[in-house]
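Read through the structure below, which is laid out as structure tokens, and then see the notes.
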Amino acid sequence: MVIVIQCTDKVGLVATISGLLQQQELNIVSMREHVDGIQNRFFARVEISKTIDAQILEMQLKAVLPPDAQVIVNPNPVKKILVLVTKEYHCLSDILIRNHFNTLGAEVLGVIGNHPTLEDICRRFDMPFHLVSHEGISKEEFEANLSNAVSKYTVDYIVLAKFMRILSPSFVERYPLQIINIHHSFLPAFIGANPYKQAYERGVKLIGATAHFVTNQLDEGPIIAQQIISVNHSFTTADMVKAGKEIETAVLANALQLVFDDKVLVYQNKTVVF
Amino acid sequence: MVIVIQCTDKVGLVATISGLLQQQELNIVSMREHVDGIQNRFFARVEISKTIDAQILEMQLKAVLPPDAQVIVNPNPVKKILVLVTKEYHCLSDILIRNHFNTLGAEVLGVIGNHPTLEDICRRFDMPFHLVSHEGISKEEFEANLSNAVSKYTVDYIVLAKFMRILSPSFVERYPLQIINIHHSFLPAFIGANPYKQAYERGVKLIGATAHFVTNQLDEGPIIAQQIISVNHSFTTADMVKAGKEIETAVLANALQLVFDDKVLVYQNKTVVF
Amino acid sequence: MVIVIQCTDKVGLVATISGLLQQQELNIVSMREHVDGIQNRFFARVEISKTIDAQILEMQLKAVLPPDAQVIVNPNPVKKILVLVTKEYHCLSDILIRNHFNTLGAEVLGVIGNHPTLEDICRRFDMPFHLVSHEGISKEEFEANLSNAVSKYTVDYIVLAKFMRILSPSFVERYPLQIINIHHSFLPAFIGANPYKQAYERGVKLIGATAHFVTNQLDEGPIIAQQIISVNHSFTTADMVKAGKEIETAVLANALQLVFDDKVLVYQNKTVVF
Amino acid sequence: MVIVIQCTDKVGLVATISGLLQQQELNIVSMREHVDGIQNRFFARVEISKTIDAQILEMQLKAVLPPDAQVIVNPNPVKKILVLVTKEYHCLSDILIRNHFNTLGAEVLGVIGNHPTLEDICRRFDMPFHLVSHEGISKEEFEANLSNAVSKYTVDYIVLAKFMRILSPSFVERYPLQIINIHHSFLPAFIGANPYKQAYERGVKLIGATAHFVTNQLDEGPIIAQQIISVNHSFTTADMVKAGKEIETAVLANALQLVFDDKVLVYQNKTVVF
């Protein structure tokens, strides 16, 4: 079982938490703790070996921790997720393969696309695919349709696997720190459209990708993971896009695994990744 | 011997170059060639096994290549360089060590600092150090003093090894593609002052450094090399600065080696690195 | 079109090749050349912009090059491949996805497995799967059945995507430099079975994977690509296996792309990768 | 202050430790804990914000922990070290520079070389250099002289910065887990002499370096850090040696920083690196 805690820091928090666990004869298999000295914020992730009643332990921990404590005991071990896509296959396919072979650490309930392109690959994995087209309708209408489609599912996370539409503030607010995006660039570089063309023109020697939680500041949510790949003068913009897809797939897979293992805690606009 | 060529592309350039070399019984040890199809530009670097008269071969090559051809045969095998510094020791020390043990691929003629901090380390290597202080004088006066100090040397390259003053356009123009800077960030990210503080606040998971030629656009000259290092939530701004110094040292050393080996060709604002 | 050449080195080879191309008004888009000074061996890969008769150009080139020259003009732009597997899905799935979306740079004609485990994933991509079981029969009989199954296809390459049987010398000899294997370790480290257990017990901080051509020396064929991934004390053997699968998938994908783009030349037991 | 603990694992260790710290109003700034489930071993590193009497706290902790507990409170914040060298300058120079600018996290008391080559660089940093030549004397005599030279210093660690002599078992036993070596290869690959020649002949695409504690099994002590660098067909053995030196310098610097920050715990033949 996993326990995830964050609260205002004070002396004795580790003693308080571990003392309570000891009373119940719970052995700590692994414990990671971090104090952000500037924010005066305490973060912990504890793995214990036995399985006990999560709700009771959660209440017990809250009773002894500072009033602002966020305590989650045994967060859903298998997260339920929705995947939103447009036309690009690489991230979705990687997720579908891992889901199919039960190594994703989550269960994909369905896929929503604003293009029909990826319906076929979903069908091949018996995965429900919902087309919510944005064509010929207003942005508001599209969003209403999208919200409608999403709300049919109860999910822990929504993964934007190269979903090329910007979500409205009200949509994002309904899923706080539950929407994960893969950004086709090395944030904060080359924000906005066509980052690989920008990268090509700048003559960079590295390109990157960033997986982050979505907030209402475009491409500015808490960063979960970043990776880079080397490029050189022989790369055309198309070659950079191709190399970028490889790194996008890898960094999203890495970020999802961290999130699904409850290793990512968020405070303000930053993540603690245990 | 090394031959470096760039010119407008046309059919038969490799045949022309290699034919001329063959006539003179010169064996090609290694050849790298690149055509930028968008710019219609040809780049080549050829290593030949024999040593012959560079000036004659240069003239012979120019005679058979397009009129805009830049041909350099046997560029100074040991470059002469000046190093400009402020207070930070890491890049300068690395350069002094390599220079001392003859593995820099260049000869450091002297060091100019706008602070006296690094005079001692230069003295330990019997390296001339010139203090050109910027304190108590105008920007113009400082630059005049700096130009004066620099102009006493005939150098192939000026290396800004954490030199924290901005050079004037007229200074930069006097040394076209001869000034190499190490930038404390992953260009184009976090341009300007305090990039590590910006990186800390953004919660990035990677920080980088960029070595580039200096042009009159701040931090915007042709990129020679870039590297990154992983960071995480436990890094304070000070930790990021420390990690940044490691990567700055490494990427500058790497870029200098490429430049000193005549492996870097520049066109427009980009480099071809063979 | 691509031209791949290797032969004994002598003065003027680049001139000879490029001169011949120039006569035919063929523009060189990119050229990579390498001379192994110890082996006295010349390697080149040339991309030209026009499409012409490959067989004629091949003959013309052979006529002017040393007698031992291997010249391939326009090797099959889309290679035909067979994939051999056992039970692990990660490499095969990655190949099937890329094949399905036409980004593999090759066409998978079929999959042969010695276990039925991966039949289902093949079926989902309408990919022929042939079960050639090794159970209850002799090694010789198994190999005969395997040879029989393979020989029904005319292929450029056979990819061992976690195929856990050792191929006989006679099988390997029939497909010289056509069989590509992904090795679950960082060669030459931990040769043989259970490398991750060995790596765990040795307490290594990096694990790797190696893609190589198969020769009749176990795990000793020419190396095409290698990559590593960081591990630490918190990794169990199972965690190392999991991390290893990620890197195996990545390095095999990388190696296949290089091979399918005709960028890998082999001489003796080593590769030149342009 | 830093507290480093390892002992047999049992329920409640974190509670015991943190409870004791809380009683004394000591705030935990950071805590890393690891349990090796196979060895049933508990490891912890705790940073606390106040400075108190180390000896008393050590006794208090030992009193409440299992009898086999190793507890070190506030290990020497500035370690004293000796550096042993032969002829190669790269690792020693890096250490001397960091030592000179007080960023090594340790104080170099002296350097012992079995060749006079590096005396000059030491002298430039006012660093005592002792020549203990191995020439013209027996292995035993050399070792006696070396032991004698070393024993004049009281040190926390002995760093073998490219020291090319093998230390005798009795020497190694006198400094258990206090001798750190940089190995010119990616362990366990290419054990023994001339690893770069072996690497060249094998045609590897990566070379590495390993920093490890020295035990009486050659190149087999607990690994602290490992890094790799990419190489390719154009690298001669000499180029590999040169690239290897870069990575040796980097990985030794990294390992030393970890050790000097008391982040490396050793059990059996493996390290826990917090």
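Quick notes on this one:
The chains carry the letters A, B, C and D, assigned in the order they are written, with residues numbered from 1 in each.
Criterion: a residue touches a chain if its C-beta (ideal position, glycine included) is under 8 Å from a C-beta of that chain, and two chains touch if they have at least 3 such contacts.
None of these values were measured; they are calculated from a predicted model.
Judged by shared residue numbers over all numbers used at their interface, subunit B and subunit D contact each other through mostly the same positions, with over half in common.
When the interfaces A-C and A-D are ranked by C-beta pairs in contact, the top one is A-D. Chain centres here are Cα averages; for subunit C and subunit D they lie 40 Å apart. Centre-to-centre spacing of subunit A and subunit D amounts to 38 Å, using the average Cα coordinate of each chain. The set of subunit C residues touching two or more other chains comprises 30, 34, 37, 234. Put simply, subunit B touches subunit D in their complex at residues 30, 89, 93-94, 97, 100-101, 103, 121, 124-125, 234, 242, 246, 250, 253. Residues of subunit A that touch subunit B in their complex: 34, 36-38, 186-190, 198, 202-206, 208, 222-228, 232-234, 236, 269-273.
Interface of subunit C with subunit B (complex): residues 9-16, 18-19, 21-22, 25-35, 37.
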